[in-house]
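Lettered A, B, C and D in written order, each chain numbered from 1.
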Amino acid sequence: MADYSSDEFLISVITGLLPEKGNAAVGAASPVPGSAVLLKRELTGGALRASLIQGTSNNPFTDGGRELFDAAGQGRIDVFFLGGVQIDGQANLNLVGTGEYPALERRFPGSFGSPYMYFTVPNVILFRPEHTRRVFVEKVDFISAPGVSPPDVQRIGGPKALVTELCLMSFDRDKGRFRLESVHPGHSVEEVRDNTGFDFDVPDKVPTTAEPSGEMLGVLRSKIGREIAGTYPEFAERVLGYRAELSA
Amino acid sequence: MADYSSDEFLISVITGLLPEKGNAAVGAASPVPGSAVLLKRELTGGALRASLIQGTSNNPFTDGGRELFDAAGQGRIDVFFLGGVQIDGQANLNLVGTGEYPALERRFPGSFGSPYMYFTVPNVILFRPEHTRRVFVEKVDFISAPGVSPPDVQRIGGPKALVTELCLMSFDRDKGRFRLESVHPGHSVEEVRDNTGFDFDVPDKVPTTAEPSGEMLGVLRSKIGREIAGTYPEFAERVLGYRAELSA
Amino acid sequence: MTDQTDVAALAEQVPDGALVALPPDYSFVPMELIRALIRRGVKDLHAIAVPVSGMAADLLIGAGCLRVMEAAAVSLGEAGLAPSFTRGVQDGSLTMKDSTCPAIHTALQASEKGVPFMPLGGIIGSDIVKYRNDWKVVDDPMGEGNGRILLVPAIRPDVAFVHAPLADRHGNIWVGKRHELFTIAHAAKTTLATYEELHDGDLTEDPVLSAGTIPAMYIGGLARAVEGAKPLGLAGSYGADMEHIRAYAKEARTQEGFDAYLKREVLGGQAEAAS
Amino acid sequence: MTDQTDVAALAEQVPDGALVALPPDYSFVPMELIRALIRRGVKDLHAIAVPVSGMAADLLIGAGCLRVMEAAAVSLGEAGLAPSFTRGVQDGSLTMKDSTCPAIHTALQASEKGVPFMPLGGIIGSDIVKYRNDWKVVDDPMGEGNGRILLVPAIRPDVAFVHAPLADRHGNIWVGKRHELFTIAHAAKTTLATYEELHDGDLTEDPVLSAGTIPAMYIGGLARAVEGAKPLGLAGSYGADMEHIRAYAKEARTQEGFDAYLKREVLGGQAEAAS
């Protein structure tokens, strides 16, 4: 078994969720999803296109800030990543803050494009490493983006999976519920349950999440460090051991 | 009195209608209005900005074909020019054809942006040299752009004046009628009436349209020929005696 | 990566009956691809001019490739009326959906944004509205008492056509300030592009050229076509061949004249072989 | 022609209470102009982030220049939460109008097109809609049975702010592929721009640079400001000073810390003189 860091493991888990072709976009401040998307691009020989919105490299958009959202509205973005200060059992996301809006106890930056991307991108992967009852709540204090919608609202996109430091869950849009798919090595179903504030489906047998192969780790460390350094130089150095030359 | 061609005279008449500042735009295939706008820009030291949509010189737009229309919708275009296969007494314009639509007897290119520019540009100058009952009809066969609108339709723009080979008319938007302002030298009110298929207001005394000054003709011939040649090389040579060097 | 191919193969990718978007004559029209479409014998196209067209539309109409034309105008500009268009409307063989420039831009922007319609000021009272039963005039839906407003439905072309001065090996194309081509490419399901010259490097990474670059994700097929816009011009590269266009305007006034032009200038050896 | 002036004079052109548009921190923010606005003591601004902001908004908030903030998010990115924004919302001194990125883009595009509203897909079910009484959810106004859709009203800023890498003597500015700056300039009543370098010649006539050029007709005032985006970056010219931004994020966690930063980095000698 190869030796790897927890970030490398999470990159591997996300890579395993990505399709073989199409367009995957990654928002700001997301080095782990960004690395996974660049890795999958490498593994598919470019059949999966990667767009890292933050920064100037691996960012093909040329028509300003609205192009990502327009492209999503056109149905061109197949994969996107969202997180949240709180996430609840209906996959509602809260990026605004905790307490009663608008007089919040703790204010966070805001909803960004989440309520649009969640409706337009077929495969939204929720990525939130911290797996605690503070994050995974019964009901979010503010719905930045709803997990499911009534039938009179047009919706193509939505949550597909949730990746945390403990486990991988899938989301059933018809039932409006998460389902535990696998538990990461060294963790248990009980640990997931204890740290999750909402109810979710658990199959009879819960497999252990697959570990990254040596081959995947090789590609990640040899090729993706340089690529992700254009957007996240500190992450590239700290996690993937790649030291970019100094430049603006 | 200076010697001048009929095109130079019409350029002078239009120049006299232009404001001292703001933005004047000129659509495709309009060398006479184009020359007038460039002349007025010269006479105002650049306070009146000129946009010649056709061609690449004196065309400041950089955001594609919609920018002119968007700018008009933003209220940034103060002057525009329209014509028509037929124009009627309510200043309705027909750019589509004669006969019964859609099975027209004579089909013309189409309405272009007329029904939008007519609503958004405060000073639309109608320019149609041919002054006959074939053009100036009681009622147009097809309304490409209506001259007046009911109060429940937002409208800032509309017709301000009509320039033909015979006369200058103004348009009263409240009354929805043209008014004869002046008759060009060598022509008469009767001639205008005989050749106009619609009724219009005639003041007791109809002045003769002012002729171009020698100074204006000097600027026109010395400076505007070169400018307009970038868009209308043949016109610049034929009318203003300017011969551009050969280039793509 | 967008696969590179030749112009004839690009033309094969356009199915009969497709809704195709044509740039205006001044804006990088892939005329060699238009001629290849005619040679391929494409049928029943529905063409959207963005927002006007001339040579491109007129050739397709004269060659019997178009069933429906939607445009704010079809004209050869200084060379006069578009002869096949004029004839087609007057003899009823062509269905013309009259529109107006901003309505076409707006309808494409609706598709660009993935919304089913967009509002547009003005226009109300034009007979265009009367004959467009896909358009709708409504009372201010915001309920602010702003009176009536026109809503136009999104136009989503199946295929957009562009001829670009530059393309690169990644499938990006450079069109400079012709920003309507961005809108068309975003609005259409896919874009087939020809190009003049191959650019070494990645156009999206170039600090200056990137501002005029349409990224590969919108481009479904790419083929080199040197002087591929002729007889129309390509701003910055070559001017329009006005003599050719004027001669066409005259020759194509009759269908016989058009057919002679088509055989000589478009079908070439193929017509010889088939006859 | 757009008159050239200095940054302090540009700041004088912004009236108290104005609705101002701020580009996002990665997109050519005129930080020197922001500092000049604070020095001028501007009050009661209503700021729109397009669609997010960081340093620019946070400085204005901390200095007491903003009454209302509308944004999809306010954050210092990798440097963490925006301290003055966070404090202002939590202590109720700042009114935050929460929005979402595409709603802000769409609302500006509505002003760009001169329409009072635009439709936007998605969003319905977000609590953002619940608290925005200027937004409206309606049944498909086209009557096509497409369900409910959100309509957002146009946002027309009084003033937009931009820092451009290049400007010319005609008053044109070059911003490359930062096309949101075109949209802001079109949507706003006027745009005040600072710039890094003067370009010889007319940017709109340059075959390559024109694609990234905002023409003078949108620019109401222009002043040179070398390194005018610092401590933020200017892509292609210089990077963000992350150490400065991280130190700010830490220092400004208290109002006292913010005030010390303000005195040292913004008010400078002026504060000395006044004290």
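We adopt the following convention: a contact is a pair of C-beta atoms (placed from the backbone, for glycine too) under 8 Å apart; a residue touches a chain by one contact, two chains touch by 3 or more.
The model shown is predicted, which means the values in this text are computed figures rather than measured ones.
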| item | value |
| --- | --- |
| Any chain that touches chain D and chain C | A, B |
| Given chain A and chain D, the chains that contact each of them | C |
| Distance from the mean Cα position of chain D to that of chain B, given in whole angstrom | 39 |
| Distance from the mean Cα position of chain C to that of chain B, given in whole angstrom | 29 |
| Chain centre separation (chain A, chain B; CA means) in Å | 58 |
| Shared-contact residues (touching 2 or more other chains) in chain A | 56, 61-63, 67, 73, 120 |
| Touching two or more other chains - residues of chain D | 106, 109, 113-115, 120-121, 146, 149, 177, 179, 182, 210-213, 235 |
| Interchain contacts, given as pairs of chains that touch | A-C, A-D, B-C, B-D, C-D |
| List of chain B residues in touch with chain C within their complex | 28-29, 54-56, 61-67, 69, 73, 95-97, 101-116, 118-120, 142-146, 149-155, 157, 247-248 |
| Chain C to chain A touching residues, read off their complex | 1, 111-115, 172, 182, 186-187, 204-205, 210-218 |
| List of chain C residues in touch with chain B within their complex | 24, 26-27, 50-52, 71-75, 77-78, 81-82, 85-86, 89-90, 92, 96, 98-103, 105-106, 109, 120-128, 131, 146-149, 177-183, 233, 235, 237-239 |
| Residues of chain C defined as touching chain D within the complex | 106, 109, 113-121, 136, 138, 140-144, 146, 149, 151, 153, 176-177, 179, 207-213, 235-236 |
| For the chain B and chain D complex, residues of the former touching the latter | 23, 46, 49, 56-57, 59-63, 67, 70-76, 120 |
